[in-house]
Structure formats: C-alpha cells, structure tokens
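What follows is chain A paired twice: with chain B in the first complex and chain C in the second.
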Partner chain A sequence: MQSSNVINYDYSVAKLFSYAAILFGIIGMGIGVFIAYQMAFPELNYLAGEYGTFSRLRPLHTSGVIFGFMLSGIFATWYYVGQRVLKVSVAESPFLMFIGKLHFWLYMVVMLVAVVSLFAGVSTSKEYAELEWPLDIGVVVVWVLWGVHMFGLIGIRREKTLYISVWYYIATFLGVAMLYLFNNMEVPTYFVAGMGKWYHSVSMYAGTNDALVQWWYGHNAVAFIFTVAIIAQIYYFLPKESGQPVYSYKLSLLSFWGLMFVYLWAGGHHLIYSTVPDWMQTMGSIFSIVLILPSWGSAINMLLTMKGEWGQLKENPLIKFMVLASTFYMFSTIEGPIQSIKSVNALAHFTDWIPGHVHDGTLGWVGFMTMAAMYHMAPRMFKRELYSKKLMESQFWIQTTGIVLYFSSMWIAGITQGMMWRATDQFGNLSYSFIDTVTVLIPYYVIRATGGLLYLIGFFIFTYNFYKTMTASKAIENEPQHASPMAA
Partner chain B sequence: MDMETIRELQAYGYFFFTVFLVLILYGYVYHLYKSEKIGRRNYEKYADIALNDDITDAPVEKIEPIEEQKQKEEQ
Partner chain C sequence: MFHWLEKNPFFFAVGVFVVIAYAGIVEILPDFAERARPVEGRKPYTVLQLAGRDVYIKDSCNACHSQLIRPFKSETDRYGMYSLSGEFAYDRPFLWGSKRTGPDLMRVGNYRTTDWHENHMLDPTSIVPGSIMPAYKHMFNNVADIETAYAEAYTVKKVFNVPYDQPDMPKLGTWDEAQKAVLEEAKPIVEAMKSQEVKEAYARGEIKEIVAIIAYLNSLK
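Up next is the complex of A and B:
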C-alpha cells in the first residue's frame, strides 16, 4: 500500500458528539420523565415557580431529545461512518478537521443558549421550532458547517460510489436545511415595528398558511431527523456488526427515492379536520398510507440482512438492539398511516395515542439505534472492548419493558379519551365533560411515566457502560472486523 | 368553466398522474435490474463498502485521478 499505511481514521469529533449525545440524552429524557409525572401528579408543577411548569419544560424535553440527543448521535455517526465508507481520514485535511471541531463547539454554544432561552420562556410558540430568530441564525451556521464537512469529505474521497448511508446523510442535510429555513421565516418585531424585545419575532405566514408550513416542517422534521438519518445509521452499523452485506442494495436505492418523494407530502395529516382545504387533508392521508412502502422497504431489507444469521441475536446484544430498532420502525410506520386515515383520525386526533405513537418511534427506533451505534463505535474509538455484556442485556430488557408500558398505556388512554369526547346520550348531548376524561386517564399517566423512567434508568446503564468502556475496559490491539468485542 | 367540468378534469388529471408515478416507480425498478443484466453496473457489490471499510482496504471502485496524483507525488 501507499502512504495510507500511516493514516488512520480520526474519531476526535465523533467522540465529542458522542459525549454530547449522552449529556443531552440525560437532560432531555430526565425532563421528559419529570413532565410525564407532572401529568399524573399535577402538584409537581409548582416546585420551581414558572421554571418548573409543564409548559416551560415541554419544549426543553422535545428540543433536548431531538436537537440534543438525536442530532448529536447523527453527527457522531457521520464523523465516524463518513470517513469509513468514503475511505478517507479527516486527518488528511486540516481544513475539514478544523470545520468539524468548529461545528461541534458552535453547536454546543447554540444548544446552551437555546436551553437558557427556553428556560427563560423565550419562544416563538411554534412546536419544535421554538427558538427565536438570533438562535435560528446560529442554527443555520452550525448546519452549514456540517454541510461543508460532509461535502468536503465527499470531495476528497477514495471510494468512488457513495454508500447508501451517505445518500441518507446528504438527504438529512438538504431536507432539514430547506425545512428549517422556510418554517423559520420570521419578522423581528422590534426592528420592523418597534414592538417587543429585540429578540422577539412573529411568523412571516399567517393563519392557515402558518399552520400548513408549520406541519410541513413538523412532520418532515420527523422524516429527516427521526427517520432518514437513522436509516443512514442502520444501513452501516447492522451489516458491519453482523458481517452480513445488505440483503438487497437495489431495494435500498428504491426505498431511498421512494421515501424522498413520498415523505414531503404527508405532513397534511397533522391538520385533518382543521381549516386547511379538504383536498390537502386527503392528500396528507393518501401519502401517509403510501409511505408504508418505502419505510417497510428499508426495514424489511434490514431484517432480511440477518437471514440465516439469526443466531447472532442470541449471542450479540448489539444485534438485538438494532433488530428491535428496525422492528419498532416497522411498527411506528404502520401505526402512523393508520392514524392518518380520516375516520381513525377523528378518534385519535389530540388524544394521548399521538404521543404514544411518537414514542414508539423515538424510544424504540431512534433511541435504540443511536445507542447501538455508539456501542459499536466505542471499541473502535477507544481501542477497548465493551465493558459489560450483562449490563447491555439488562439495559435492553429494562428499556424494552419501558417502551411497552409507554405505548400500551397511551393506546388505552388515547382511545378512552377519544371515545369519551365523542360519546353522546340519547338526546345528542355530550356524555362527559373534559375533566371526566382527565380523571379517568390518571392511572395510565402513572404507567406512562414509569415506562419513561425505566427507559431513563436504561439510559443511565448505557452511560455507565460507555464510560467504563472508555476508562476501565480491557485494551484491544486490533480493530474488530465485525462483532464488537465485549466482556461478559 | 363550470364546477362539473373542473371536477372532471381533476379526475382525469388524478388518474393520469397516478399512472405516470407508477410508471416512474416500475421504470426505476426495471432500470436497476436491466443495468445488472447487461453488466452496466453491479449494484450488490456496493454493499461491501460498509463491510470492507478499513482505510487500508481497497475501494470497491477507486477514484482514479486522486490515486494517480498520489502515486506521482510519491515518485
């Protein structure tokens, strides 16, 4: 070989983002569990004045897990996978190394200011887009830096063909860039009309248009962060960990373009029975149903990758995390389309079934895949074997139990709620008032919060295992080819 | 144009657009299989990019100019 004998992959930025994912995971999930208990025990709202109320904490939970935990996980895996599938080290380009580090530190600064501003109650009041305009500019800069790194690395690659994961990372970059820019078009009120503080703004869109743009963004944030970037990960980590090539590379390409085409049209299902045009609601429903095909295309491709190798499921807890992730992906991508059918939506809309559905995907699919990816990267990044297989096994079962408690309680709660809202007596009067439903739901809220707590406990086990792997585990001489080495 | 005509045109549009999309979808599947059959491209070998991803592993498909430049530099 040539000079590449002395080059090694550089994981310094991947490590930094892994730490960030753990930090934001603990913060985001911790707040999530707390606000879930607030639903069950409302007196928990009054522990810290305005700063401890559900309404103040909820955006911190969603932003913490989506833009903190998930995004850090996505960035960490990009800085790991990107180099490997393009067969080029970041160390070969001091410029890209600098951009990567700048990307990380600016991201941390933006996140820190975001956390402070949300705690302070500074919000645009757009769901998942609460940050005010100065922070939005910061987000754009961070995102552009990621793009510079991504396309820069692609530019100096040795592998001619872009592996399917790279296509998914590119789609994440482009998709989120477009969505974020359009949804955050806002008017800074102080500078335009002398109203409010200097950082205040109102949306550039009004009324129904604002709702449409918001849910085009909101649903596609799910598409391009919760889905596309996580598929990028599973297409690399599952084959690599199991030593099996992707079952059908052609199917991965077909699913990719299918997903790209269909996903962008499905956001209308968030606005069924609202004031948006009826044809648009129908389109949202139809595209949501069609979405089953590309989603299942990817998920089945992953499951078939394990064909003839199911024994690994018993031996390797990492495979178990990824196979369950892929199964939960299938589960939530059948549940979502069902909820978007108009007649089902009439029952499900605004009920607890919706957060139940979201958490199937986020806890089962995104969370499991992110943790599995980090478990896979750890022995390669730190040159040590994974600290404890037993802890991984316990974590797996504790978290799986947590997810099952979460979604089953929310199914029951949501359907109960929906049925009670629409129940009428023989004269057509509503049978129940709103508070009746609240009273009935409290036991399910306790179960949901406890499910969330189990997941959080599992996350602490993961953190401990990852930390011990970094610091106290047995060193390995050669990088493992496939299955990650782990101590019993 | 009255509402009835508009609805009729919409229905035709809907039908032909659906047919068009179905053709695109199956056309792409056909393209993938055809490319493999005539030997233009072997898609399945790209799965190896993830499996043989050490920096010393040979790329599945090299980018020639960069390699050539490197060789020139070494000489």
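Up next is the complex of A and C:
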C-alpha cells in the first residue's frame, strides 16, 4: 500500500476510453454531417444502396454520438476523476483493474455489433433505445461492470467524503440503469412462437403507454447522460483547471437534489397535445419551468467559481471551452422550458426547432465539456504539455461559429415550418401544401449542415492536437497543479 | 443529513434512487390499463400489415414521419380526425415519431392508394417534385419476413391477449393458414402494382417488402 500523499494514479482505462471517445466522435459526427447534407441534397441517399439512406443512418448518428462519443467521454473521466477525488489508485486493486479493462473491451464489442445491426436495420424504432434485446443484455452487462468499478472504488477510498462529482456519477449510474431497464422491456418473439428471427422482439407496452415510457426514458436519458454526467465533469475540471474553489457548496447541494427531484417529472413535455392524459402534459409543462432553478443553480455556481478570475478566459482556452459550455447549458435550459409552454410547443413540436434546441445542448454543452476534459487530462495522462494553444484557439472559434450557424438556421427553419403548417387564407383554408413547407427549408438545411461541418473540422483539429500531445509534445516532469501547460 | 449522506455512499445511492424513481411510479402506473383500452371497432394488424410495419421500422420511416394528429384545426384539416389513445392500442411499439420532415401518416390510407405508393416509393420526386424523401428501391428486391411477422402476432396473442381469432377480428390461425391468408391479402395489392418483378415474385409465392409496406400504409386510417 502506498501512503496517501503519493498515490500513483493509473490511467490505462481512462486512456482507452479517451481513444474511444475520439473514434466515435469522428464516426458519429461524420455521419451527422452527412445526413444533414442529405436533407438538403437528397441524391446523397444513394451512395450505398439501402445502407446509405437518411433513415438508416439517423439512428447510427444518434447512437454514435450519445453512446459512443458522450458515454466514452463520461467513462474516460470517471476512470480519471474517480481515483483522484476518492484518493485511491485503481492499481491498488487488481480486481478493479480487471473490471475496468473488461468494461472497456466489452463496451467496444457491444458498440461494434450495435453499429452493424443498425446498418442492417435491426431496430426496435425507439429513439436512443433502438437496439434489440440481445444487445440490450450486452448493454446491461457493460453498465453493471461500470457500477462494480464505481462502487468498488468508493469502497476502498481514502477520502471519506464524496466529492460533488461523485454524487453526479452515482446518479448517472442509477438513473440510466433504471430507465434503460424499464424502457427496453420486450418479449423476444422467437421464444414464444418458435419461429422467425431469433433476435426480434415486441414491446411490453402498447400505444400511449409505450410512448409514455419511451419519453420518460428519452427525456431522462437527456437528464442523466447529457446533463448529470457532464455536470460531474465540470465540477471537477473547472475548479481544477482554474485553481478556484467551487463558489458555493450550498448551491451545489440544492442544485443536485433539486435536479434529481424535478427532472423526472418534466418528461411530459415531449407529449404535449398527444393522447397521454392532460394532467401529465400539464405536469410536464410546469415542472419544466421549475427545472430552470436547479439547472441554472449548477451553471451559475460554475460561472461564479470564476469570479474575479475572468482574466484566465483570455490566457487559457480550456477555461474558455468550459465557460462557454456552462453558458450553452444555461441557454438550453431556458430554451427547453420555453418550448414546454403548451402554446409554444404547439408550434415547435415536430419542427426543426427541436433539433436546434438539442444541438445547443449537445454541441455547446456536452461536446465542449467533453473536449475540455480531455484536454485537461492529456498532459496528466501522457506527462507531456498540450501540443498547441494556437490550434485550440482556432478550434474554439471554428466550432463556436458552427454552433451558431446550427441553432440560428434551425430556429428560423422550425418557426417557418410551424407557421406555414398552420397558415390559412381568408376563407380558412390551409395556405400551403406540405411540399411547400419542405422546399422553403432547403437553404436553412444547407446552412445547418455547413455549421455541422465546421464543428466536425474543429473536432479533427482537436483529434490532431490530442494525438500530437500524446506523441510529439514536450515532456513535463511534475504534474501541473492547475492550468494545463501548453505550447504556443 | 446531507453531510452524513456524503459519507455513506450506500444510503446516498438509496436516497438518489428513491427521489428519481418516485416520479415514474406516480406518473406511469395509474391509468395504465385505461390508456391501453382499444377504441370500439379497432382491430389488430394482419400478418401482412405487421410485416409491412416491420419494414417501416427497419427503414426508420419514423425518422421523418409522425403518426400522431394533434387536436388543432390546421392538423385535422390536413390529416383528418385527431388521434385517440385507443386507436394505438395494438401498436407495439408506438410510432408517433418526433419530427415531421414529411407529413403525418396516421391516416394516409384514407387518401393514398397502392399505385400512388408504388410510384412514390420508387421515386418520390417523380410524384412530388422537390421532395427530399429517399427512394426505397431496395424494397422491390427484398423479400418481406412473413415468418417473423407471424411470430410477432402469435406472441402478442399469447402474451398480451390481443384478440386474434375472435369474432369480427383478424384471423391468425396456424402458420400454414396464415401463409395462405397473407397471399390472399397481398393479391389485390400486387394486381394494382405495375412492377413485373413484384408480380413474378408473387407468382413464386414470395412477398416483396414493398407489398407488405403498402398493405401497412393502406391500413392506416
């Protein structure tokens, strides 16, 4: 046993998941840019037969970025942050070391099979839960392994008080486990009928109930993957990188328990004016507004952590990434509640404004935070300084421009579409045929796809910078306390 | 209390779980049975329609099409009567979708026909200039998986008591009977189509995916 002040943290699993995040980031975002262009130029649907149509590729994009990129980022940071805030090295427990590696490799196998199956059109149709039952079992095993690692490490910790990030990792683990299990309840048809495809299944729930469970899941997948696990990261990386203590412990506490309590109730905002009971829609609406409080609580806590230290924003691009991430988090969590107001939802639902909202959160908040975390980890994992500050600066501006193009074009497109669907002439007849409302959007689709392309280019710059940091950057002797060292 | 929880991971986890599970229980469990009750006259899908529905899912048409008509005049004018909960009682999974890049399809069977679909699926722009819907030529080659569709119908009958084989309801019967029924049901669709490939396949006893999906689209009313 090492003594607690010279712990040699082991980053082997954190590194593996970092590589996976980069790999799936490129694949997932690459497909995203491609399908965005398909919406503007439908000829692009025919490059790979049935496997290249928009509709086959869209689930690959969503699963690729959510379960490939984001989740790998979450795992990578867990394997990095977990040890540090619990003051215990994974290397101290051969068992946990083994579980960590098994977790990674099994995850890769499941992802690989998932990609193949989605290309083949094997799908349950449920958004972010398309995988058929054999893969669902694989996902559950992967998740349980993560849990074993998490609670195992907590079990042998030296630091008795769990740091805020750990609260959020625990919540991610439990929340996703519960949601995934219930939403994927399905009956394999082969086992009942003894014929047909062995991997086919049928949902346990029908119609409105199925929708309710699906959006209870869909909404909270956003809560526990895109939000809770990313807050876990910012609570560690922003104070660490800036050298500033978290602004307010009380606010962290309030935001955490507030978020846990409120989030689940807001799922109804995906089903407004559908056939689910009115009271649920109303609850969804109201709790979405309440949700602003704990969401902004965390974001403001982060921004105030930088109080009096705004100068760092100029000197350190990592801080810039994280501050912009919190800002986009505030942005999505005010936009979402606005879209939850019944009359606004009547206009916004089913339109391009929804993907617009989604990408404020995913590109601005999740993407930026994940990349910032990896930039912070790289010098510590590889004992080298970051390869180029200049590249980071250009990446920042290219990607920010990309996001702005994305959401502004989708706002205009969504609102235009919603207004045209309901427009009537003086006799009360619908003014536009459906196709009119499609062709008018093409220019916005081009702008959106180009915004996405800029973001992807930025991601390539990030990849290059990360790779160069690993292989060709100047070695450092002592681990930096705070600001990550970087070459100009 | 919170300080204590932060030192006791087990109780911390239990606390988190209780707080998040609570909402789900209160929201989802009550009325579960009520929402699942079919409206008067609603019938489960036939095996051919189910095979078509599986094609719809395989090619993720729900990525661009909704099947949920909201209770606004602008929607009922465009698509027909707004949706009722009981109309979805046999939909496993539900296919409401979340994005209308193309129009709602919940009642498309009321205003589109087999030959319209055949031409449209082969080349959407030839029917609707400016359409950004992909062509689905491969459905004219791929054979529909009737066996899996039968297994699905059989499963929901056994496990969820979906009323196949009851008076006034679609017949499921044995696999042999079902195969005959599928060919029977496909016949008028194949006859209304012009693709030689589809007709020849039918003569060999094969149902192409396009036939199944048209049967499904026609059933949406």
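Keep this in mind: the second predicted complex is superposed on the first by the 479 of 488 C-alpha atoms of A that agree within 3 Å, B and C clash if a C-alpha of one lies under 4 Å from a C-alpha of the other, contacts with A are read in each partner's own complex, and residues count from 1 in each chain.
As a convention for this text, a contact is a pair of C-beta atoms (placed from the backbone, for glycine too) under 8 Å apart; a residue touches a chain by one contact, two chains touch by 3 or more.
Values in this document were obtained by computation on a predicted structure and should not be read as measured data.
Asks: After the superposition on A, what does A:124 contact: first (chain B), second (chain C), both or neither?
Replies: second
Asks: After superposition on the shared chain, which partner residues are touched by A:356: those of chain B (first), chain C (second), both, or neither?
Replies: A:356 sits against neither chain B nor chain C.
Asks: Touching A:196 in the superposition: chain B (first), chain C (second), both, neither?
Replies: In the superposition, A:196 touches chain C alone.
Asks: A:257 contacts which: chain B (first), chain C (second), both, neither?
Replies: A:257: touches chain B and chain C.
Asks: Scan A:174 for contacts with chain B and chain C and give back first, second, both or neither.
Replies: After superposition on chain A, A:174 lies in contact with chain C alone.
Asks: On the superposed three-chain arrangement, identify whether chain B or chain C touches more chain A residues.
Replies: C
Asks: Please work out whether A:160 is in contact with chain B alone, chain C alone, both, or neither, and reply first, second, both or neither.
Replies: both
Asks: Quick one: classify A:248 as touching chain B (first), chain C (second), both or neither.
Replies: First partner only, chain B.
Asks: Kindly classify A:277 by the partners it touches after superposition: chain B alone (first), chain C alone (second), both, or neither?
Replies: second
Asks: Just to be sure I follow: which residues of chain A are touched by chain B in one complex and then by chain C in the other one?
Replies: 160-161, 253, 257
Asks: Please give the residue numbers of chain B that touch chain A in the complex, ascending.
Replies: It is residues 25, 28-29, 32-33, 36, 43-44, 46-51, 53-57, 59-63, 66-67, 70-71, 74 of chain B that touch chain A.
Asks: Enumerate the contact residues on chain C facing chain A in the complex.
Replies: Spelled out, the residues of chain C in touch with chain A are 2-3, 6-7, 9, 12-13, 16-17, 19-24, 27-28, 31-32, 35-36, 57-64, 66, 68, 70-72, 74-75, 77-78, 83-103, 125, 128-136, 138, 142, 145, 147-152, 154-156, 158-160, 175.
Asks: Per the contact definition, I'd like the list of chain A residues that touch chain B in the complex.
Replies: Contacts found on chain A: 1-5, 7-9, 84-85, 87-89, 156-161, 163-165, 235-236, 239-240, 243, 245-246, 248-250, 253-254, 257-258, 479, 482.
Asks: Flag every residue of chain A that touches chain C in the complex, lowest number first.
Replies: Answer in residue numbers: 38-40, 42, 45-46, 49-50, 53-56, 58-59, 121-127, 151, 154, 160-162, 167, 170-171, 174-175, 178, 182, 187, 189-190, 192-197, 200, 202-203, 205-214, 216, 220, 253, 257, 260-261, 263-265, 267-268, 270, 273-277, 280, 283, 346, 349-352, 354-355, 421-422, 424, 429-430, 434-435, 438-439, 442.
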